[in-house]
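Each chain gets a letter, A, B, C and D, in the order it is written, and its residues are counted from 1.
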């Protein structure tokens, strides 16, 4: 068995604390209830204190980037849904927009509005799933069921729209394949009205709960500077006080049309990240209700040829996925298949911060931090 | 089943005809034919077989580029804008210094991504690409360089800690060695794996049969 | 309540205590030894109960079997057991040990055979119900000073432990 | 025979004190079976109540409303493969669950379900309960160590540290309650469980309200410590499934695992019994002084029977609402039979000779049940404490509070 070796043993002499004779090496995962899939974390412990960690990833590696080189642009579109499978719509949006940019076409306004609505719904779904699992990791089992109950409503809308619930493949290069179904706007409005009090309900269970606050305050601290240096993006970066959201910084789709705020935190701890994500759900609801009010009439597909052959060139396009900056670097050689598709996965990069965030804390904090980073192993491993 | 025939993927179009072209923007596999020395006029359209007229790279003029050119002269091979995205093509020898400078003086404090491209037909087979972002300027650039197979690229871990895993992934997938990386080993594939899957000469269903047989106890993963 | 089958229970408990004691010194694995020691302590607690000393029995269970032994066991569990298992069980002083045991046994036998007259007749049995109250009365009247000194000693021990542990942190 | 039963019914001490082996044995058997049934019922109730708190239905398949689910679970556990890790310390691994179960059941010897409903009344009753239940940690430590695996060892480590720490706060709270017993007319206190309840009867007040708010604070300390003692949420760190997979019983499966389960629930019931005995008036019916008199006694003694009638009524009502499909015939019949059984029990409980004797058990059980419900409620509401926070709560909050309450109770006892 050529088992993966940990570098923890190798770099032992570098760190003074590693000389402690009481250390214990524990293997957490890949089959562990709190690693959100097949993440394996090797922990070096002194009692309960974490001296160092090493993530072993790749158990879910499917070679998405390699597959992309052997599929046409259109054929590859469904594959991106399988990366961050809880935010499939965002993945599709990023990919479609990147290819559109490469083709130099623009999706029509109506398509952009539909994209925004679905993407924001998906962001709420993703955050709800995060909240449920994160709370479960910290020991509060009840929020999980509440969030799944409400996420169901979003999935129902997706299902009505495109027939799929999770890996939606909702968008096409050049716009949307499907016109909204009859009653789409009403459904979305109903959902907004339904879920707004529910978010308060989650907060009621957790935000003022002493144990929750104690478990999350000053846990997994990361400053804005450190976050930037580690390339951390998304809510984790914003919770550290960096007001940066690609929807505002480099707007795409129809985002310039909407009025919304970027919630930020101050301490960069797990509690702030929780608050930021809760606020983000509210902001997403705001965007959705604006979009649904103003959704324009018109075509939903731009003029794109049946066979896509983008001109020779390369493009990097990124969007604000629920987990952070999701980028696609696509190189075209002028043929029908991309020469290279590189995905910049937010989960992968964010996971890198785990080691820094948990050093010196307790085992229970590792769980909390893995949860708060909101990783999806499908995206980490691709 | 090994021959899915697709494995050696379609030869990259524009580039390979001019292997090792020094002065050329070999790096810019993109605008293959648009291999103008940087500040030159609008390059000719790509001899793209397919589309009518796509957008073309135009020279990128900015104080920063001017400064860099002044400092490094011809080391900056290209500074272009394509589809409103700026990129630099530079000599690999300048890189450590240039990346440091980009972070310290030009405020590119966020390394978005590090990746690579493989052009088997070229003499210097690999493009290594750093995608950088500056919060202060709200600006994104790409820095590209060409390196030969087996030649090391400079590691950026000391500049941006985030480069750690990103470089490991490039090493894992392309076999590019990053000099100065503290812990360069495979990240997504198992440690004992042989071969670098994202190279163009690695077939799509190819795998390390030996590893699969030893570790999984099956004949083949296919 | 009147104890029943006194003889049977006495021999049972005494046997268990001796068995535990033997196991403590013969087991190679220190964890097994510690568990055997707990058995002994519990058996002795049972003997206390038979002697109409329920309070002492309860304290024996809470403090020795429940508190001290758990901590003791834990320390043993965290040390490297493999090494201790390779070491010799007994060192070369078994001769001395045997002599001491024989001497002690002889003493006990002598007392048992000849010394019946040394001990007074069994005192009148305290009713079980007020045994605990009697202990409390004695502790807080006649033996007040000794009790307080003992608690002071414990306080010193606690402070010392804190100081020693603090140094390392 | 009848005379024998009659004489028993007229006895006013526990069988242990009377030296009556037969009845002591009967009580042991009754407690054992009753406890097992209570654990099974608790299992079902926990799943149902938790499910309803979490907007789901819980078990619904096995039997009407999943009533037979615990039985199905038990059968599953019994026929499951019993795995012993190859590297485990066989003897200790084998002994650990036994130890835990024996300890959990032994404590019930002194639990007073009524003035005469206990196996025996010990002079050191409460001390005995605390002592024996403190042995439970031994079993957990043994299980964690014998599994020879990291997660169980950490779980055991956490559990022993936790139990030893909270035992102190628990002990202080108990002592302050015991102190209150010494304020009876004869002047001496008692550690006997029955004596403690009788003291409350004599002083005409539940100790939770004694020297308000001192009794309440002591009860609160005990209520927190007892959750920690039994390793339940939010103090379930030894078996925190998101951190340690299952803590000390990670390596256990099948029957051995079910012994841990049994022990956990019976020790929950045991500590709840202590709380009820010490602070909530034990077996006493509500308002024995305020609503006194023969007619009130009569009315309250009817409640147990009526409760069973109510349950039986619910069962019959559900029987009528069962789907008429032939597939459900067996279930319908079963539920009807169950209702009939409950009704029968209700009738028996209404018999004059029995109802006076049994209502003590009923009130005691009701109080324990409330406490058990709280356990479930905590589990549905609270996240889990972290280890250092747990220690902080134990040593820096509960312990000083306990000492303070003890001192203040002593002062209040002398002055008032």
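Rule of thumb we're sticking to: contacts are C-beta pairs under 8 Å (C-beta built on N, C-alpha and C of every residue); 3 or more make two chains touch, one makes a residue touch a chain.
Since the model is a prediction, treat every value here as computed from it, not as a measurement.
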Farthest chain (mean CA position) relative to chain D: B
Most centrally placed chain - per-chain CA mean versus overall CA mean: A
Where chain B and chain C are represented by their mean Cα positions, the distance between them in whole Å: 75
Rounded Å distance between chain B and chain D, as computed from the means of their C-alpha atoms: 67
CA centroid of chain A to CA centroid of chain D, Å: 45
Separation of mean Cα positions, chain D and chain C [Å, integer]: 31
Category of the chain touch graph - line, ring, star, complete, other: line
Pairwise chain contacts under the document criterion: A-B, A-D, C-D
Chain D to chain C touching residues, read off their complex: 16-19, 21, 89, 91-92, 95, 120, 122-124, 127-128, 130-132, 134-135, 137-138, 141-142, 145, 153, 157, 160, 164, 167, 188-189, 191-192
Residues of chain C that touch chain D when the two form their complex: 1-2, 4, 29, 31-32, 35, 38, 54-55, 57-59, 61-62, 65-67, 69-71, 73-74, 77, 128-133
Parts of chain D lying in touch with chain A, wherever the complex brings them together: 50, 53-56, 150-151, 154, 158, 233-234, 236-237, 240-243, 245, 379-389
Contact footprint of chain D on chain A as seen in their complex: 24, 26-27, 32-34, 48, 135-142, 144-146, 149, 205-206, 209, 211-212, 214-215, 362-365, 367
Complex contacts: residues of chain B adjacent to chain A: 6, 9-10, 12-14, 29-33, 46, 48-51, 54-55, 57, 82-83, 85, 109-113, 115, 117-118, 129, 131, 135, 138, 140, 142, 160-162, 164-166, 169, 173, 183, 185-192, 197-198, 200, 202, 204, 211, 214-215
